[in-house]
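Would you mind keeping the following structure in view while I ask a few things?
A, B, C and D are the chain letters, set down in written order, and residue numbers restart from 1 in every chain.
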Amino acid sequence: MKHEIFEHDIIIVGAGGAGLRAAIAAAEHAEHLSIALISKVYPMRSHTVSAEGGAAGVMRDNDSEDTHAKDTIFGSDFLADQDAVEILVREAPGELIQLEHWGCPWSRDPDGRISVRPFGGMTVNRTVFAADKTGFHMLHALFQTSLKYDAIVRYDECFVTSLLTDDGRVRGVTNLNLYTGKVQIVMAKSVIICTGGGGRAFPFTTNAAIKTGDGMALAYRAGVGLKDMEFVQYHPTGLPGTGILITEASRGEGGWLINKHGHRYLQDYGLGPATDTPTHRKMELGPRDILSRCHMQEHQKGNTFEGPYGHYLHLDLRHLGEELIDSKLPFVRELTRNYVGIDPVVDPIPVRPVVHYMMGGIHTDTDGKTSLEGLYAAGECACVSINGANRLGSNSLTELLVFGARAGRSAAEFALNQPSPLKSPIDLLAGDEQKRLDDNFLKKEGGTEKVAGLRQEMQIAMEDGVGIYRNEGDMRKTCDTLQSLRERFANIRIEDDTSIFNTERTVALELDFTLDVAETIANSALQRTESRGSHNRIDYPERDDENYLKHSLAFRAPGGPPKIEHFPVTITRWEPEERKY
Amino acid sequence: MEKEMIVNRPDNSKMYHPHMPTAWWFRKWSYFLFMLRELTSVFIAVFLVVYLFQIYHITQGADAYWEIAGQFRSGGWIAFHGVALIFAIYHSLSWFKTAAVILTPRVGGWMVPPWMVVALHIAAWLAASAAVLMLYVLI
Amino acid sequence: MKKPISFAPLWWGLFAGGGMAAAMLVPIHIALTGLAVPLGWLEEPLWLYQHWLVKVYLAGLISLSLFHCAHRIYHPLFHFAHRVYFSLPSFALRLIGRPVAILVYGGAMVGAASAIWIMTR
Amino acid sequence: MSEETITLNVTRYRHEKDRAPFIQSYQVPYREDWVVLDALNHIKDELDGTLSYRWSCRMGVCGSCGMMVNGEPKLTCSAFLRDYRPGEIRVEPLENFPVIRDLVIDMSGFMDKLTSVQPWIIREKEKPVSEGEYLQTPDQLDAYQQYSQCINCLLCYSACPIFGLETDFIGPAAIALAYRYNLDSRDEGSHRRNDVITDVNGVWECTFVGECSVVCPKHVDPAAAIQKLKVETVSGMVRGFLMPWSRK
């Protein structure tokens, strides 16, 4: 069977914020580069669209790069690489202004300057925003801007199933064209992975259905290490049941968290005093990891409400008034009206912590480069790392801009200096991949395992073992469960034998990827015998800088759980100290 | 020639291509109202041609007018004008509603709400109609 | 390459102007000329029609309104009816569209011209 | 708890198997807080894995899950079962589009139209990033903000009979987006965009049925954008005729 083979200079897998930013950066870096932008969904469906609060950057005279860096490093519980953070804070303002030049409708001050708002864990107002649809506006501005570059060629609704490697370097990708069900080969001199995180490994998450960790698994299978995977951020204010995100900006604008006794409980956990107006890094503006833990402790004390979807607390915006809510938080009002049937102007919003973000990801340097020659990564799927053990809200949108652009430029530079890839054995590879997809993921009526059932078991195991609080016993159990799910996965049942837009097949392929990611999370967590940032162990409640001021790196080991290695954190100017707010 | 920016497209021959059903404007009340709105123009056009015919005779002199005036007293013409009037009023109301979509005046920083734009149009309409009526009644 | 001049804005401008004129004034004229006068409630003020201001007013109202009607008959009614009832492919629609457009807008032009001719005699 | 159910009648079409679309019925559990998308996910996970449809964010912002629900274009992630009870629910692919499979429509034509209206900031001269942002007051932002809320869900195309009859019509969302950039105080490219949207297949095709604005889940008003563009074009033409020297 003949397979289509395409050739470009650069392939970008994933067309969300990071992918689009990388594509534009590559297109601007050098003329005549051909850039393939491959995504399993249309670009404007990417999950960047759901980000609400804003993007951090030093925009005002009362702020400084050092303060932004310090806040970020402090928030990361000193696990962030400080050279990467310095690059982030230095390049952030330029990127935010660049996006403004590309039409992003940032909210404005009366004098016409870009507005800034307070955000959790930050000492100064430095979060740039577009009402509370920041991600939506950023994604659409990036996508629409990308349309003007002829060099950017799109493969919409194509599912990348594997990286093609040869001779220690990446050669391209295999692509499942959803419209035909056929495998295509796309070859390039460099590949950038920008596929986002994998929150769908967990049952309650703000993440969209598409966030199944595909890109992380692609790199992992190609032998690249996944860094700091044990650090999974819970966002303290998701809607119970659906997990829909209620932005941190609602607290930045002055919202209160209250328990069932009407008490602003955060003051009981050293985050006080409880002032009426928001104070930086205090109370509701504490970092996400700490706020999520406070919620769980309130639950243990019996201070939470009980609902059909478990315990919840109240986020109270009523005192902010209708006018402020409509101008600064219109999406919060829209979401709560539609999905909970309450109006935040008159009712408190029920919230609980839900999985939101993966600090870990594909191990890259500050240019987005991985250990595999020609392979780059940026955005949530990558780990530079600027987030360390806990990400500060509004740093991720900035990260995807800064490091998306850097990865785009360095992948372009790399591609310029490479000869055209050889394609002789490639058609054979395509045949092999088609056979694998058809044999394992098409019409498997002999199989007995339901994909949805396995997925649910995985999600429950993850919540049980590597949730907000962790301990050795539960984590071991989760690791074992994941191992057995991996075995059972070989026996999945797929009824659909058609090739056009067969989503039963893609759903199974996604779970295949997510299982890999889940395994790295659980196994990385198991080996880190300390508590740091979002990784909180009941059996090791203290931070252990002596042994664990280190990144973990998970490598694939055939037939068994991942192999975990460690290497030191880069420290430039900020010596670790106790993290207290 | 512009470069193709999308590589993969679904195959036209492998898709199902639906057709608008003949009676699509019966499928939704809003579509039906739309078709009624467009139909008003037929009645208005016929009236205008008839009126022009009458005016032609009036300008030929009163005798010429009286010669043709009688036939408009027939039941058929009365019925037509009755229906035409209903359609014309529907045209006016729907037109003012659409005008409120296009005309969004601002007074200072305040946007005049659409219902007020419609109300102003209706007021103007009544005034204009009254003025024409005056010509018939008073003069 | 210079694009051929499009008349679409012209037709639409006349349509919109005529639509407003018709909305404001046609109902009362139907009510008076079509109903009140034939029913004997009022009389046609014949001598008024000799006044130049009235002539200008009527010529303007009738011609503009006719363009409005032409546009509405051409676009939706013709457009939809033909496409739907005879299932014509769009190239055929374009082909017959032109003569029909000439017929409809031409009709409006003839109407407008006769209105002006009648009023200026 | 007695297991209450609700019937979903879903359009199925697989090119390899079916000559034409047909309706398949599914019984799904009824839950007070379920949306149509939850019911579809229940079908896919528990009853019939072969059903295909697009979805992602399930919070009304990614724009993937537009379908016809009881004949109305809806985002299925915000169409609650409780609003259709006790009747049955008919779920069909968005109208006026070719169907790739089941509930998945072909939107590549829309993507071409979107590109054709040049939805990006066009400047005579770009300001370097080092010189900072373009100032834009809240009022200037307000002028176009409403038109920037489009999530490209295509409900408006599905509601537009003109697009159904004339598939080349650039259509509501793309024109509204072009208008959004025209209104942006930072932009200088409206003449380039207007060349496209006031040409054949542009605004003149629209006869103002107005349904696009009615069905928009984000309260964009594409119908207004199109009519205003018509008025602007006509007044621009009149101006050019009366004052030829003002023409570019």
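The rule is short, and it goes like this: a contact is a pair of C-beta atoms (placed from the backbone, for glycine too) under 8 Å apart; a residue touches a chain by one contact, two chains touch by 3 or more.
Computed from a predicted model, the values in this text were never measured in an experiment.
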So which chains are sitting against chain B and chain C at once? D
Indicate, using Cα centroids, the chain positioned nearest the centre of all protein chains shown. D
Higher C-beta contact count, B-D or A-D? A-D
List the centre-to-centre spacing of chain A and chain D in whole Å, with centres computed as mean CA coordinates. 27
With chain centres defined as C-alpha means, what is the inter-centre distance between chain A and chain B in Å? 55
Where chain C and chain D are represented by their mean Cα positions, the distance between them in whole Å: 34
Residues of chain A whose C-beta touches two or more other chains: 147, 156, 179, 500
For chain C, write out the residues touching at least two other chains, lowest number first. 75-76, 80, 83-84
Among chain B residues, those touching two or more other chains are 5-6, 9-10, 14, 20, 24-25, 34, 38
Chain pairs in mutual contact under the definition given at the outset: A-B, A-D, B-C, B-D, C-D
The residues of chain A that touch chain B in their complex are 6, 36, 147, 150, 152-158, 177, 179-180, 184, 500
If we count contacts the way the header does, which residues on chain C are in touch with chain D in the complex? 3, 6, 8-10, 12-13, 16, 75-76, 79-80, 83-84, 90
Touching residues on chain B, where the partner in the complex is chain D: 5-6, 9-10, 12, 14-18, 20, 24-25, 27-28, 30-31, 34, 38, 98, 101-102, 104, 109
Which part of chain C faces chain B closely enough to touch in the complex? 19-20, 22-39, 42-46, 48-50, 58, 62, 65-66, 68-73, 75-77, 80, 83-85, 87, 111, 114-115, 118-119, 121
Which of the residues in chain A come into contact with chain D in the complex? 41-42, 44-47, 49-50, 94, 97-98, 100-103, 105-114, 133, 136-137, 140, 144-145, 147-148, 156, 179, 208-210, 241-242, 244-245, 308, 331, 334-335, 338-339, 450-452, 494-496, 498-504, 507
